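Should a chain be cited, it is by its letter among A, B, C and D, assigned in written order, with residues numbered from 1 in that chain.
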Amino acid sequence: MPKLSIHRLPMAHPGDLSVLAALIATGELRAGDIRAVIGKTEGNGGLNDFTRGYFTQSLMLLLARETGEDAASLAARLPCVLSGGTEGALSPHYLVFAVDRAQGGARGLALGTAFSPPTPAAAIGRNAQISQVAQAVREAMAQAGITRAEDVVLVQVKAPCAQAPGPEARSPDPRVLMALSRAAAAFGVGLALGDILDAAEHDLLRDLNRFSNRASISSGIEVTANEVVVFGHAEGWAPGLTAGVAPMADLLDLGGVVAAFRASGLDAAPSVPARQRDRVLGVIAKGEPERNGAIRGARHTMLGDTDLDAQRHLRGALGAIVASVAGTGQVFVSGGAEHQGPPGGGLVCVFARA
Amino acid sequence: MPKLSIHRLPMAHPGDLSVLAALIATGELRAGDIRAVIGKTEGNGGLNDFTRGYFTQSLMLLLARETGEDAASLAARLPCVLSGGTEGALSPHYLVFAVDRAQGGARGLALGTAFSPPTPAAAIGRNAQISQVAQAVREAMAQAGITRAEDVVLVQVKAPCAQAPGPEARSPDPRVLMALSRAAAAFGVGLALGDILDAAEHDLLRDLNRFSNRASISSGIEVTANEVVVFGHAEGWAPGLTAGVAPMADLLDLGGVVAAFRASGLDAAPSVPARQRDRVLGVIAKGEPERNGAIRGARHTMLGDTDLDAQRHLRGALGAIVASVAGTGQVFVSGGAEHQGPPGGGLVCVFARA
Amino acid sequence: MPKLSIHRLPMAHPGDLSVLAALIATGELRAGDIRAVIGKTEGNGGLNDFTRGYFTQSLMLLLARETGEDAASLAARLPCVLSGGTEGALSPHYLVFAVDRAQGGARGLALGTAFSPPTPAAAIGRNAQISQVAQAVREAMAQAGITRAEDVVLVQVKAPCAQAPGPEARSPDPRVLMALSRAAAAFGVGLALGDILDAAEHDLLRDLNRFSNRASISSGIEVTANEVVVFGHAEGWAPGLTAGVAPMADLLDLGGVVAAFRASGLDAAPSVPARQRDRVLGVIAKGEPERNGAIRGARHTMLGDTDLDAQRHLRGALGAIVASVAGTGQVFVSGGAEHQGPPGGGLVCVFARA
Amino acid sequence: MPKLSIHRLPMAHPGDLSVLAALIATGELRAGDIRAVIGKTEGNGGLNDFTRGYFTQSLMLLLARETGEDAASLAARLPCVLSGGTEGALSPHYLVFAVDRAQGGARGLALGTAFSPPTPAAAIGRNAQISQVAQAVREAMAQAGITRAEDVVLVQVKAPCAQAPGPEARSPDPRVLMALSRAAAAFGVGLALGDILDAAEHDLLRDLNRFSNRASISSGIEVTANEVVVFGHAEGWAPGLTAGVAPMADLLDLGGVVAAFRASGLDAAPSVPARQRDRVLGVIAKGEPERNGAIRGARHTMLGDTDLDAQRHLRGALGAIVASVAGTGQVFVSGGAEHQGPPGGGLVCVFARA
């Protein structure tokens, strides 16, 4: 019976895997047990942010050395979801999710992963991608032994994009295609979980009231398939870990953040008290600048413009709010939350020790 | 007996004073009653941020037209404290403080202003400036009728700097001189209020454990004297307004933010409830990136560097936390909090309708 | 018979018109003779760059005071074309074009201005705007007495945009609309001058091989009509000034820059020699990052992205090349050169004393 | 008798060594012959630019695999000088310098390398570092067989810095220490070459009229010793390559740039003609924003500020001027030119095929 463990680790720079290497060296963690990595690196989060590639190369080097499996094969089976940009209170870190199959128990937090077939540029943002993601979610649920959609806490997806979309792509602009890919993946998750009942490509980025606040999606040119990680509760896993998720109605919805921490079993009044802080194993949040240019009627200046990019504004702001509740800047906060929560809002998911 | 009123007003851009003009036109506010203006404009907050000058020019044009007093004379008696940078959840706005001398009551929130003599570049960051500010604080207290230091809630100072400091200046670098000017003004406030007992120039920017968390200081090359606004409780003013202040121990001290709102009489659990939101008249906060590069042990990336400037990081993060409690992005948040709160921390001050 | 004079003036900041004020005070220039102002201010050149508005407000205040005409009326007849962003070697400055009608001579450099009717958002980037601009060019030529299209050296246009385009606009994105407005104005100029023979709205931003390298277009939300300034040679004007223009084939076309200076009668070998430098009265250049991502096969990184904006890259690069030939950083360089020169290239126009 | 070869190679991203790998695979270049690498990566050039580390890791992996030597040992003997920031017209690329000892001839372009002993933080910017660099320059000259100082064309140094300078360091600020390290290395080069006769630590960053325009220095926390590469003319090397160097008097000194290309034997009138462009093997340039805030009397806005960093401005501007003469954006341009050319100016060095 498997047991999930979650390790929140700091990095001194995007090529620094020394803390993970030490855990492996001391036997605290087996390299072969690692099933997914989710992290924040300190780049600018844009097209010319190479901190993600640097971290991934360094991680795969370490794991290849430790497991004997080659780096390309590892990359093809191990989801590694990185988000660039640690603006403001955020701190570069990564979450390592490992599964020890020798242990386990009655009912506990479960993890499953799946990769869709490669999604060509022409299929991104179309019904084909929506179906592929929905199917991968079902596979990952099956792998984890999660039988009911309501037992899923969060689905994290790394969805593909194309740097040079061809003429058959839905948009010639890689950034538009990136948003379409996130949207299609969110629809796929929503369909598989029943959060979205009826999903078709023409609603992507249009009907923002269709969303799943259990979907957290990144997209990037560095992957060619949809990489899916499902978290939920299932029989046959070890107890000891909890997870909770809650939507944020808008960027200032501090109550929504507090609710997610409480859903994971932590007190948050409003911050997690110092005595519970080491029970916070990982936090994942998504959000977006309001598209109408104002939050609760007050004009914001998160422009996609020659000054500071809108996503950097957003991560700095949302990250600080979530960190002020968590009591640590080691929280994963990322923009681009289309169909992953209410329009202008987002979601917060908390993993904790029970 | 005078009555203080506080107006929190939006701007569509830094030259837009239309909402104030409308209040004056309808008679809701007399231009001649305006005693101080504190605002956030949407520039980058650095040396080449001209949104402050644009707003000031536009404000003085309006007031000159309405009062008949010329713009230069207005600028010499009316403190106008502007901070550039509305990163993240922050929203461009300004607070207009007006005093109607015809009304008034027993005990209430009071305001006094004073300008020090011009401070030449050679005196910035030295004992001379410290004494001048302390004296100006005493004059402003006297003007407001505040008799005890403990009745002061907040002292806002706009302190001078020099774009081209001469050889006799304490630093040849305008940005270092700017920090020294803020520090000296904070020491002056601390001395006048008894928050700092023993203050001399050699401790500026060195002994950061000497601070007053009732001092909020900006500095800039656009002023030549120390412009002081004192808020506190005094006899002979109208009731109806309250103010509260609280320190923040560090950037993630959400409890400190909540405490400031509660000190002003509002419920904050953790956000100000929707029914009380229009009682929030104004919020002023100061903070700083931790100088040791980490918050509660987690490395931050708020570097003064070729990427995003540290102050922009800071305003985006602190602003979002304060805004999430206030329920609005119209909060005044500014960096450069040397000696204005605990090292790495800051302060929050809330003005509210009782 | 009119005489054109061109004054290249520095500014200490975007609100500083003191050098112009001094010229007016000493009688060297009559405020009423000013016919157009073209300048570079030191903002970021984006949507939240308010240095243009600040300069314009300050200019109109000065001219209103000097001429007795009110500021709104001045703004409605005096083209004021500002471009934000003085990256790299560029220096904030403005060119004042004045016409003294009492003087004049046989044949010389001529200037004419015209404003189109207001262009509503729905007409931007459409055939209507193309025709309006072409008509305004013809009016400005007639006013200047320029009878042949080949005698026109340059047409500078400030074209309108809309911050919140309605549903009937050609694009809901203000930045796309801004590009469409520049493109339509360039087509209008090209039609009027015969540089483009057949121009229709569906070719805008599509057929980039249709261009006029005598068109220099800015667009912005601060104007509602197309403001046109035509420069060329005509009878009845005073001699003494020359102007030359040349296309740039790509960003590295140093030969094209040199050609423009030589066309104005200056030696440029490759720089203007020190003894001729005060004959350089004004330089206007437009350019663009190559859309295919490479210059002569070498990948460039001028991305519209979370890092440095593409237009800031472009202005810094093109500005330095032009300034290195001119021998001064006081050159007007602006991006957004759609249909204003070969794709990926641009144009340079030089005004000089003969 | 050795033969030097220079390869100018593009990269698709900072981890892309595929073009070098292909040269090695086809036998065009032996991995073991590589003696130095100098390159530009596309980061922001600041403290949080990790494109340099990513490239270095990728390079050392490739060379370790090809040579069998481990990566740490390679890094300890192979100078790898990287500069982040390809603003404007610049293009990410790297120069590979290889020496084939089997070939050679009478007199030709020679290369020598040397590493100083590790320089602790306390010795950076002090006489100790100056002497160490001078000694390493002499060793590298001896290795190359260059007997006379006047035969040296350029000395490229990668000098160390410390991220957390201790109390014994000359400055607690890593960026000041970085400038001191560059200055000390430039003094060391100048002493060894006789360009600076009398050099002591108290003149560093003070007496800017002492300089060597044959010194090109980078500093960074990623190295602990001074890594020195000397280029010059010597007996016993193969002919066929040339190199020329020239100072730039200021940022607009286009004539200085042209002079460097001519010194390498290329026509530059003003650009290198298309038929000679493939003879340009590598270009290295250094420059600086004028410290007095103006170039030839015209104010510049290259501020070290919350807006665009001064070094990004500088690289974009200088890079474009040099690229416009070279005819390609693949030129190495870097800021921080203290004592490496006239104050406010810099140097250009060109490697060409004869």
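Following the convention adopted for this analysis, contacts are C-beta pairs under 8 Å (C-beta built on N, C-alpha and C of every residue); 3 or more make two chains touch, one makes a residue touch a chain.
Predicted model only: the values in this text are computed from it and were never measured.
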- Label-sorted list of chains bordering both chain B and chain D is A, C
- Scan A-C, B-C or A-D for the interface that duplicates B-D, counting it as a duplicate when over half of the contact pairs agree by residue number. A-C
- Item | Furthest chain, CA centroid comparison against chain B | D
- dist(centroid_CA(chain A), centroid_CA(chain C)) in Å evaluates to 47
- Query: Where the centres are mean C-alpha positions, what is the separation of chain A from chain B, in Å?
  - Reply: 39
- Going through chain D residue by residue, note those that touch at least 2 other chains and give them in order. 42, 44, 48, 301, 307, 312
- In their complex, what parts of chain C are in touch with chain A? 44-49, 85, 301, 303, 305-307, 309, 311-312
- Interfacial residue positions of chain A with respect to chain B in the complex: 10, 12, 42, 44, 86-93, 251-255, 257-258, 270-271, 294-296, 298-302, 307-308, 312-314, 316-321, 323-325, 327-330
- Task: State the interface residues of chain D toward chain A in the complex, per the touch definition above.
- Result: 13-15, 42-44, 48, 50-51, 53-54, 57-58, 61
